[in-house]
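Following are the structures in question.
Both complexes shown next keep chain A, but they swap its partner, so chain B is in the first and chain C is in the second.
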Partner chain A sequence: MKGYMGVDVGSVSTNIAIINEEQEVIEKLYLRTEGQPIKAIKKGLMEIKDRVDCEISGVGTTGSARQLAGVIIGADTVKNEITAHAVAASTVVPGVQTVLEIGGQDSKIIVLRDGVVVDFGMNTVCAAGTGSFLDQQASRLNISIEEFGGLALQANAPVRIAGRCSVFAESDMIHKQQLGHNVEDIIAGLSEALVKNYLNNVAQGKEILGPIVFQGGVAANEGIKVAFEEELGLEVVVPEYYDVMGAIGSAVLAQEAVNEKGRTDFKGFNTTDFNYHASSFECEGCPNSCEVINIHQGDEVIARWGSKCPKWEAV
Partner chain B sequence: MNKRVGIPQALFYHRYSPAWKAFFTELDCKVVESGQSNKEVIDAGVKLAPDEACLPVKLFLGHVKKLQNQVDYLFIPRVVSIENKEYICPKFMGLPDMVRYSINDLPPIIDTTIDLKTKKSNLVKSVLEVGEVLDKGYWQVSKACWKGWRALKKHRERLREAKDDDAQYKIAILGHEYIIYDSHISMNLVEKLKEMGVEVVTPEMLTPQAMRVGLSNLSKDMFWTLGKKMMGAAHYFFSNQEIDGIIQLTAFGCGPDSLVGEMIEREAKKRDGQAFMTLNLDEHTGEAGLVTRLEAFVDMIQWEGV
Partner chain C sequence: MKVTFPHMGTMSIPVKSMLKELGLEVVVPPPITKKTLDLGVKHSPEFACLPLKMNVGNYIEALEQGADTILMGGGVGPCRFGYYGEVQEEILEDLGYDFEMIILEPLQGDWKELFKTIKLLVGNIAITKIKSAWQKGWAKAKAVDQLNRIANQTRSYLINRYRASEVYERGLKLIRQAETIEEVETKVGLIEEEFNNLERDEDFEPLKVGLVGEIYVVLEPFTNLQIEKKLGEKGVLVDKSIYLTDWMEGHLFPSFLKRDQEGKKVKEVAQPYLNHFVGGHGLESVGETVLYSQKGYDGVVQLFPFTCMPEIIAESILPTVSRDLNIPVLSLTMDEHTGEAGYVTRLEAFIDLLERKSRKEKVI
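Then we have the complex of A and B:
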């Protein structure tokens, strides 16, 4: 059997999905990146290798570490996460018109019409960190992130929280907690605040029509999903594989790329046998002081980036 | 020895540099440019600038700082108006003062006022004033002015002729020339798009006729020259079938941009068929974020084309 693998290396999670030729998901994996993308990629590959017995005919990478993942794995296509998420959503939910995606660091909205992306929006710097902010708050309240969203549904009177900035949101939450509001109401208030902020910031001015798909790690949070539905007055669909949609999209793109190329550049699962590490230095050639990064496979430098000029381009 | 006149490579440099260079050269001066922006320049600018300054002004101060000890004069005109009944952003009017109060021990500043609000011929007065500072006679200044004008005209014609026949897509970039053509703050946006197989069109490449066509769509006259130009260019691009997408570049802290940008964005929403995206740039903007958005934007155009 032939399979196509998509690898999405984000700030918080590293996800792998394998699809068959009919673009059905046969295996998926969700790992925490834990600040070490190279380690996470290797760990993910080793784990998924034992789970599937199909021949990998193509690999795609996406996410903020897509370039890094691409050189380690030998990707056939390296795509930005906006495109990957759009492709996945329209593969999994045909006819989708709006994709809401909230990840660890970035959040985006993608508007599709007749199966084609017509508009997208992404957070500015300030709205960043939605997923990681929820993580932080969950651990501050000593609640596992899995239960966190569900608690919001048990709220009777959600409190008002300023969602414009996560620093203010946190101080608001603490203030409310000290006044004696219960945790459920605070969490529900937080969900509402984040949804409002998303709609005013990321989705500002975008035409939101159903079917709406909500994906990315934060889609696990039932409270946020419900807050979206209430705010929009529309049903919001969370697909079965919501947490690895970027990887699925990337796998679909890999299938297309390989069909066109006729071969794959995949280095094989043995690529995990090598020792990968990165080193960086500040170039002193001009006042730009670029931070150049070398990616090593064993003793060999296999890729390099970070410079503004071509000086360091040759490896 | 020839006097050295320093021109900071920021703001209106990107619009008028060919004219300025030809003008001062003809006046027997050695023109010293501050060079392309880089991290050092921008860091220096951010440190010197008052809090509320916009990114382009911060950058300007960085360029002045770089020239400080290399020249006999600094050329920082006080530009009030360059079109009849119109104004330039107030920060241009106060630029020489802002520079003087932000940086100590500067060489003398040639801060001639350029105010063409009532009549274009006011320019003669301005250039003669510069001549006076440099101790040059009427005829030499007139000749220099004429040479400057010729150089500018030639430069603009060359810009318009630039074409890329191999490009698959055509994307228009809306924004001030001092952002688009500053490869450091725009993070090499134009080059990046070219590498993706895109032909880039900027408002500077439009002919005066095209600009007039665009402006005829405005319901009301606008008295900011730069904003008006942006609106005119936007409308022209909207109606041009060859343009596949429009990217609007705005600078963080720019007052007029926040208004004009919004107006253009609303207008873009009313139309189908052209992709539209706004990118707001500041000194902290990460290149990775920019690349992600650009790639997705080009993908979107490609996808629609299939």
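Then we have the complex of A and C:
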């Protein structure tokens, strides 16, 4: 059996998905990146290697470390996460017109019409309402992140929380908590505030039509999903593999790429036997002081980036 | 007197020549680097926009190299730029620098003010000298804009797209060194020929993207993270809606000399969406987007510094323009971040969007 693998290395999580030729997910993996993308990629590959018995015919990478992952794994396609998410959503829910995606550090909206992306938005300067902030609030309230969303559904009277800025939101939550409001009402209020902020800050008046797909790590949060449905007055679909959609999209793109070029550059799972590491130095050629990063495979430098000029481009 | 002025793209090339021709000693600030940005950010008000901060960085670096007079542009609002000269003067005085600040206000009907400013700089000077300085500066300004246009028109077609920037940079150097107007013209011809001799893929059909937005970040590659080069090397033909020569015309030419046809047209086509001046280039951003759509461009990228009021107005109008005319618009806010990952992600996604859209339209 042939399989295509997608690897999405984000700031918070590293996800791997393997699809078959019918673009159905046969295996998936969700790992925390823990600030060490190379380690996470190796660990992920090692784990998934034992779980599947198909031949990997193509590999794609995406996410903020897509370039790094691409070099290590030998990717057939290296694509940005907006395109990957859009491709995944339209593969899983044909006819989707709006994708709401909230991940660890960023949130985006993708508007599709007739299967083609026609507009997108991404949070620019503010991370209010992303997974990291919810994580932080859950741990402040000593509630596991898995329970967090469910609690919002038990609220009777959600309180009003300022959602524009995570610093304001936190101080507002603390004020309400100290007045005696119960935790469920505060969490529900926070969910509503985050949804409103998302719609104002990320969606910014874009035309939101159904079917709507909600994906990314935060889609696990039932409270946010319900808040979206109430605010939009439309049904919101959370796909089965909501947390690895970037990886799925990347796998679909890999399949397309391999079909076109007729072979794969995948280095094989043995990649994990190699010793990969990165080193960096500050170039002293000019006051730009570029931070140049070397990616080593054993003793050999296999890729290098980070400089503004071509001085270090050749490996 | 040693005169300096802020950088804005390739502006230092014509301005230096002009000032030298007036008999002044000129200290061009060192090229903008992260150090310039750090100095500017450190000493400027947090809420000011990026251009103010970059200017302050340029001044400090130039003053450290011995400059004692700063030449800065003025303005009449509502964009905050008109007040920047004054604010920057205060900042540098607080830092203990000893210098003179001369602010060139835009011509509002008469030349008297401009002559007064020039007098401040150079004392009594023959009017013919001013004329020849202007002509030389203008020739160089036109030359660098011309090279930039050629580079942007050519880059995406090249077999080796990286060559475009090499040739362009070499061309800038030649213009910088040229002594006479004739030499400037010869050098432009030379570089143009060199561009024409680069190997091209004649069958390639690039996507076409127009750049609109606030003039400083559109013209200064350091602040826009080299968007023309980035898009061009990904195979996109880029066109800028503003050039330095346009700004000079708007600011320094008396109205009867302006070939303002283009300006009138921009206002005309912006009319259904925005019918009055909002400061800076806000109105132009709206109008130029309409024009790009009429010219058959695939998309428009709007660039502006974080907190830029005129462009925020344009940003909120552009989605309507985009929907009406079926032309995708990507608005990008520039600030002091030098990490390019998020920026590149958006550009790549935008190109994918344009590509898939145009492929679909061709099928239909």
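Just so it is clear, the second predicted complex is superposed on the first by the 312 of 315 C-alpha atoms of A that agree within 3 Å, B and C clash if a C-alpha of one lies under 4 Å from a C-alpha of the other, contacts with A are read in each partner's own complex, and residues count from 1 in each chain.
Just so it is clear, contacts are C-beta pairs under 8 Å (C-beta built on N, C-alpha and C of every residue); 3 or more make two chains touch, one makes a residue touch a chain.
Remember, predicted model here, so these are calculated numbers, not experimental data.
A.B. asks: On chain A, do chain B and chain C fit together or clash when superposed?
C.D. replies: They clash: once the shared chain is superposed, the two partners overlap in space.
A.B. asks: Where does A:Q137 make contact in the superposed view: on chain B (first), on chain C (second), on both, or on neither?
C.D. replies: Neither chain B nor chain C is touched by A:Q137.
A.B. asks: Looking at A:S107, would you say it contacts chain B, chain C, both, or neither? Reply first, second, both or neither.
C.D. replies: A:S107 contacts neither chain B nor chain C.
A.B. asks: Would you sort A:S64 into first (chain B), second (chain C), both or neither based on which partner it touches?
C.D. replies: both
A.B. asks: Answer with first, second, both or neither: which of chain B and chain C does A:P310 touch in the superposed model?
C.D. replies: second
A.B. asks: Regarding the shared-chain residue A:N197, is it in contact with chain B (first), chain C (second), both, or neither?
C.D. replies: Neither partner.
A.B. asks: Please name the chain, chain B or chain C, that touches the greater number of residues in chain A.
C.D. replies: The partner that reaches more residues of chain A in the superposed model: C.
A.B. asks: Tell me which partner A:S90 touches in the superposition: chain B (first), chain C (second), both or neither.
C.D. replies: neither
A.B. asks: Jot down the residues of chain A that show up as touching in both complexes, chain B in one and chain C in the other.
C.D. replies: Shared contact residues on chain A: 64, 79-83, 116-120, 122, 124-125, 205, 286-289.
A.B. asks: Give the list of chain A residues in touch with chain B in this complex.
C.D. replies: Within the complex, chain A touches chain B at residues 64, 79-83, 116-120, 122, 124-125, 205, 286-289, 308.
A.B. asks: Sort out for me which residues of chain B touch chain A in the complex.
C.D. replies: Residues of chain B touching chain A: 38-41, 184, 188, 265-266, 269, 272, 275-277, 280, 284, 288-289, 291-293, 295-297, 299-300, 303-304.
A.B. asks: Could you list, by residue number, the parts of chain C that touch chain A in their complex?
C.D. replies: Residue list for chain C touching chain A: 30-31, 33-36, 162, 306, 319, 322-323, 328, 333, 335, 341-342, 344-346, 348-350, 352-353, 356-357, 360.
A.B. asks: Give the list of chain A residues in touch with chain C in this complex.
C.D. replies: Residues in contact with chain C: 64, 79-83, 106, 114, 116-120, 122, 124-125, 204-207, 286-289, 310.
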